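Two complexes follow with subunit A in common, the first pairing it with subunit B and the second with subunit C.
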Partner chain A sequence: MTSLIITQILNGLTIGLIFALVAIGLTIVMGLMEVVNFAHGSFYMFGGYITFFVFSAVGSFWLGLVVAPVACAILGLGLYYAIIRPLRKRHPLEPLVALVGVAMICRQLIRNIWGAEPKLLPIPFGRVQVSLAGAEFTYPIYFFVVMGVGVAALLALYLLFRKSDVGIRCLAAIQDRDTAMSMGVNVDRIGSLMLVIVMGVAGLAGGLVGPIFSVYPTMGLELIGLLFVIAIVGGLGSIGGAVIAGVTIAMTKSISSIFVSGNISDILAYCVLLAILLIRPRGIMGLATVME
Partner chain B sequence: MSDYLLQLEDVHTYIGMAHILRGLSLALRPGEAVALLGRNGEGKTPTIKTIMSLLPPRRGTVLFQGENIAGAPTHQVASKGICVVPKGRHIFPALTVMEHLRVPVVNKKYRREDMLKQVFAIFPELAERKNQPARSLSGGQQQMLVIARALMTKPRLLLLDEPMEGLAPVAVKRVIESMKAVKEEGITVFFASASCERALAVAGRVYIIEKGRIVYEGSSPELMAAPEVQQKYLGVRE
Partner chain C sequence: MSLSPRFRLLLGAAILVLVLLPLLGQPYLIYLLTMSLIFGIFAMAYDLLYGFTGLVSFGHSVFYGLPAYAMGMVAVTVFKYPNPLVMIAAAMLTGLVLGCLIGFVCTFARGIYMALVTFAFAQIIELLVLHDPWGITQGENGIMGLRAAPLSLGGLTVDLFSGVGLYYLVLGLIIASYLVIRALVNSPLGDVFKGIKQNEERLLSLGYNPRPYKVAAFGLSGMFAGLAGAMAVFLNNSIVPSMVDWAVGAEILLITIMGGAGTLIGPIAAAFLIIFAESYAASYLGGGNWVYVMGGLYIAVVMFLPGGIFRTRYLKKAFV
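Now for the complex of A and B:
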């Protein structure tokens, strides 16, 4: 029993870090551009399929994991200039409808190329013997690798937003766009850079989960609802909040799934997030305390 | 080129459908401190936002150093040498004092380290609180911070929208001192105020705005000697 609980905690942490990485991108884009990016999950899906494509073409999963974020970053720049920038000042429904359209097109495109059935990437590395809190069990090494990459990516984002001028200016623009512009900040250019970064991160996350969940055309659309919940519960524009909310939801799901069926554990996880939202209507962090 | 640093000519600005500035004209000479007086709702904030291009005018020209900047992107207006202390301060609540001072884009001719030294010399209270979150500062300290933030761009023209409003008397005194210090640096100061008495402590010249037009222009001593003008445009309405 102990080993099962520990295993599920490790699983929750791994998946939670992935959720958080993707949700941070969503929260930054919403905060900075005031656009609801329904197509965010599509880039996560692209990341998964690009990794799968590279793996099936040249046989290297790791090369796929490098190509996926680069390709998604370039596609993100395209999305910024084609849709987000031209439509963001219009009625909020216009960019939303356009981005829903992009998400649908992406899913259909992938389905036409690779079909609807999931493609499982082989899990790299074997399992390792773990002894923790008196329990003995084996655990896939790859999950530890994902945790490591996830933590490294979060650390990189932390350094970007707290230690670099462009990151600090981005946070300032999220909190008060007009005032940031009045200080000479070119918010448009920061927007394009942020799209490159967050879509690259989403692509990386999509590639990383390939061996865990497999990749399939609806993987992005399935995730988007959860991403919005994480972004809102974390507090719009808050990175720390997204991490806490992402790990909380994944942890609740994986631990409760020991005791109840998968569907019920999903419901439980959303209930926990709703409870947080009732206690803190503006999210864990609220907009006032971005990045803390 | 004219003698003016900034010149607004027959400016018309709309907020949505509402015609707010209705043919406003004014001009500032380099190095002077000028107040824009008027009751609430007469168009002071729209004037400041129009200059900053946050509310681009539909008609008219905004000449800065002889160049028409009407409708230019706001960050370019800032890079040409105009900065603003917005009404209600507008701190970035989640950023520290030091992070606030890293937001402004410093003109390439200057080094940020030098600019920091300059603003900390004017505002020693900020140097002591570099790593404090801005929202934990007092109202007066926050006002110092947003003036310092604007100065980091090394502007030629500093706009301030009701900089003394809602502050304790000691803080008002500090704001007045720091505005005078800014003027001493050779920076042109243009500020909106609803209080004639406080504005005259800083300004050498005043404009009065009513319904989106300038209705009075004069030196501070002239306005001081004209209580009937003060009553007509700034006093409590009968």
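Now for the complex of A and C:
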């Protein structure tokens, strides 16, 4: 029992970090540009499929993990200039409609190219013997690698937003766009840069989960609701909040799934979210007052 | 919002066409028209909340699907009393009560945070319906065989609940709903709704507490959405979990924005556009490729018709 609980905690941590990594992109785009990027999940899916494509063509999963973020970043720039930039002066929900269209097209495109069946990437490395808190069990090494990559990427994002000039400008614009603009922050240019970065991160996350969940055409759309919840519960524009929210949700789901069936554990996860939002109506670490 | 004489004429002509169309005698066309009208009622309900009061709900599937399940409780699973009028009344009452309850809880938060609370409710309710802990919803199978007996009025039997009869019933209901909602948004209560959308702080300083009005907007919107759900039950003769799928709520949000939020007529037009485009694209393009058409349509409408179909410059100049 102890080993089962520890395994589920480790699973929750791994998946929570992945959720957080993708949700941060959503929260930054939402905070900075007031755009609810429904196509965000599609880039997560693209990341998974590009990794799969490189793996099946060249045979190297790790090369795929490098190619996927780069390709997704370029596609993200395309999305910015095609959809988000032309619609930036509209009511925030109008771009949402167009982005739903983009997400639908992306899903069907993938289905036409690779088919509807899930594609499983082989899990790299074997399992390792773990003895923790008196429990002995084996755990896949790859999950630890995912945690490591996830933490490294989160750290990189944190440094970007706390130490670099462009990151600080971006945070300032999220906090109060009008004031930031009047101080000379070019929101459009930062927006395009941020879209490149967060789409790359989403692509990386999609590649990382390939060996865990396999890749399939609805993987993005399935996740987008949950990502949206994590992004907002964490607080718009907050990396720490997204990590706390993502890990909390994943943990709630994975630990409660030991005791109750899958549906009930999902219900519990959403109840936790409701409770958080009712106690802190602007999210765990919300600093933005946008979109109120 | 006042309509010009020219627009009234167009509206009258549209209603006349809708009245005459069943004469063509194509059952599938009647089905699609009925579905469009049902979504038209649903879209107007959403427009009352979003277009006039400025409250975004990502969980409107709840107010469409749960009233349908309430009908199922009345007719099949719990009370076994399949009286059509009681069923419709139960659906509308459920929509109203649910709207007030969910509206009460989620208006603690504001803006996008409030929208998220509605979304969480929609998820929880969808999962509960699928899991069926109390044996009411029959899980993934749904509830079948609900089309009620013909309505009897003083010795006269009218088959209102299948085919053409249902179509005319829904046509009558959408006109009635339009008139009621229009009267509502033009009333003093409607002015408060619009005030919440335009400037909530100003409303506060005028001595209004916006919360009860927001709850009322949710309740009224839920009631009309429940009416739409009830009609969908009669049309499809079944209640399935996909009625509480959050995608239904998302679709009605898209329809309302595409049509032009705050115009009532626009969302109805968009409902027709989406239902017909979806059905015809699906029948001509196999293998799910109709999704390209729908995705393209969503993008094109937003790109080229700012503010929705009803707010295009031509329509504005000609009619409103």
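The criterion applied here is as follows: the second predicted complex is superposed on the first by the 286 of 292 C-alpha atoms of A that agree within 3 Å, B and C clash if a C-alpha of one lies under 4 Å from a C-alpha of the other, contacts with A are read in each partner's own complex, and residues count from 1 in each chain.
Here is the rule we go by: contacts are C-beta pairs under 8 Å (C-beta built on N, C-alpha and C of every residue); 3 or more make two chains touch, one makes a residue touch a chain.
Model, not experiment: these values are computed from the prediction.
Chemist: Contacts for A:R169 in the overlay, against subunit B (first) and subunit C (second): which applies, first, second, both or neither?
Modeler: Only subunit B is touched by A:R169; subunit C is not.
Chemist: In the overlay, answer first, second, both or neither for which of subunit B and subunit C A:V243 touches.
Modeler: So A:V243 meets neither subunit B nor subunit C here.
Chemist: What's your read, subunit B or subunit C touching more residues of subunit A?
Modeler: C
Chemist: With both complexes overlaid on chain A, does A:V97 touch subunit B (first), subunit C (second), both or neither?
Modeler: second
Chemist: Just to be sure I read the superposition right, which of the two partners does A:M181 touch: subunit B = first, subunit C = second, or both, or neither?
Modeler: In the superposed model, A:M181 contacts subunit B only, not subunit C.
Chemist: Give one of first, second, both or neither to describe whether A:A73 is in contact with subunit B, with subunit C, with both, or with none.
Modeler: After superposing on A, A:A73 lies clear of both subunit B and subunit C.
Chemist: Can you list the residues of subunit A that touch subunit B in one structure and subunit C in the other?
Modeler: After superposing on chain A, subunit A residues 291-292 contact both subunit B and subunit C.
Chemist: Residues of subunit B touching subunit A in their complex?
Modeler: Touching subunit A: residues 52, 54, 73-75, 78-79, 83-84, 86, 90, 92-95, 99-100, 102-105, 135, 149-150, 152-153 of subunit B.
Chemist: Across the complex, what residues on subunit C touch subunit A?
Modeler: Residue positions touching the partner: 56, 105, 108-113, 116-117, 119-121, 123-124, 127-128, 130-131, 246, 250, 253-254, 257-258, 287-289, 291-292, 294-299, 301-303, 306.
Chemist: Contact residues on subunit A for subunit C in the complex?
Modeler: Interface residues on subunit A, with respect to subunit C: 30, 36, 83, 86-87, 90, 93-98, 100-105, 107-108, 111-112, 225, 228-229, 232-233, 236, 261, 263-264, 266-267, 270-271, 273-274, 277-278, 281-283, 291-292.
Chemist: Flag every residue of subunit A that touches subunit B in the complex, lowest number first.
Modeler: On the subunit A side, the touching residues are 165, 168-169, 171-172, 175-176, 178-187, 287-292.
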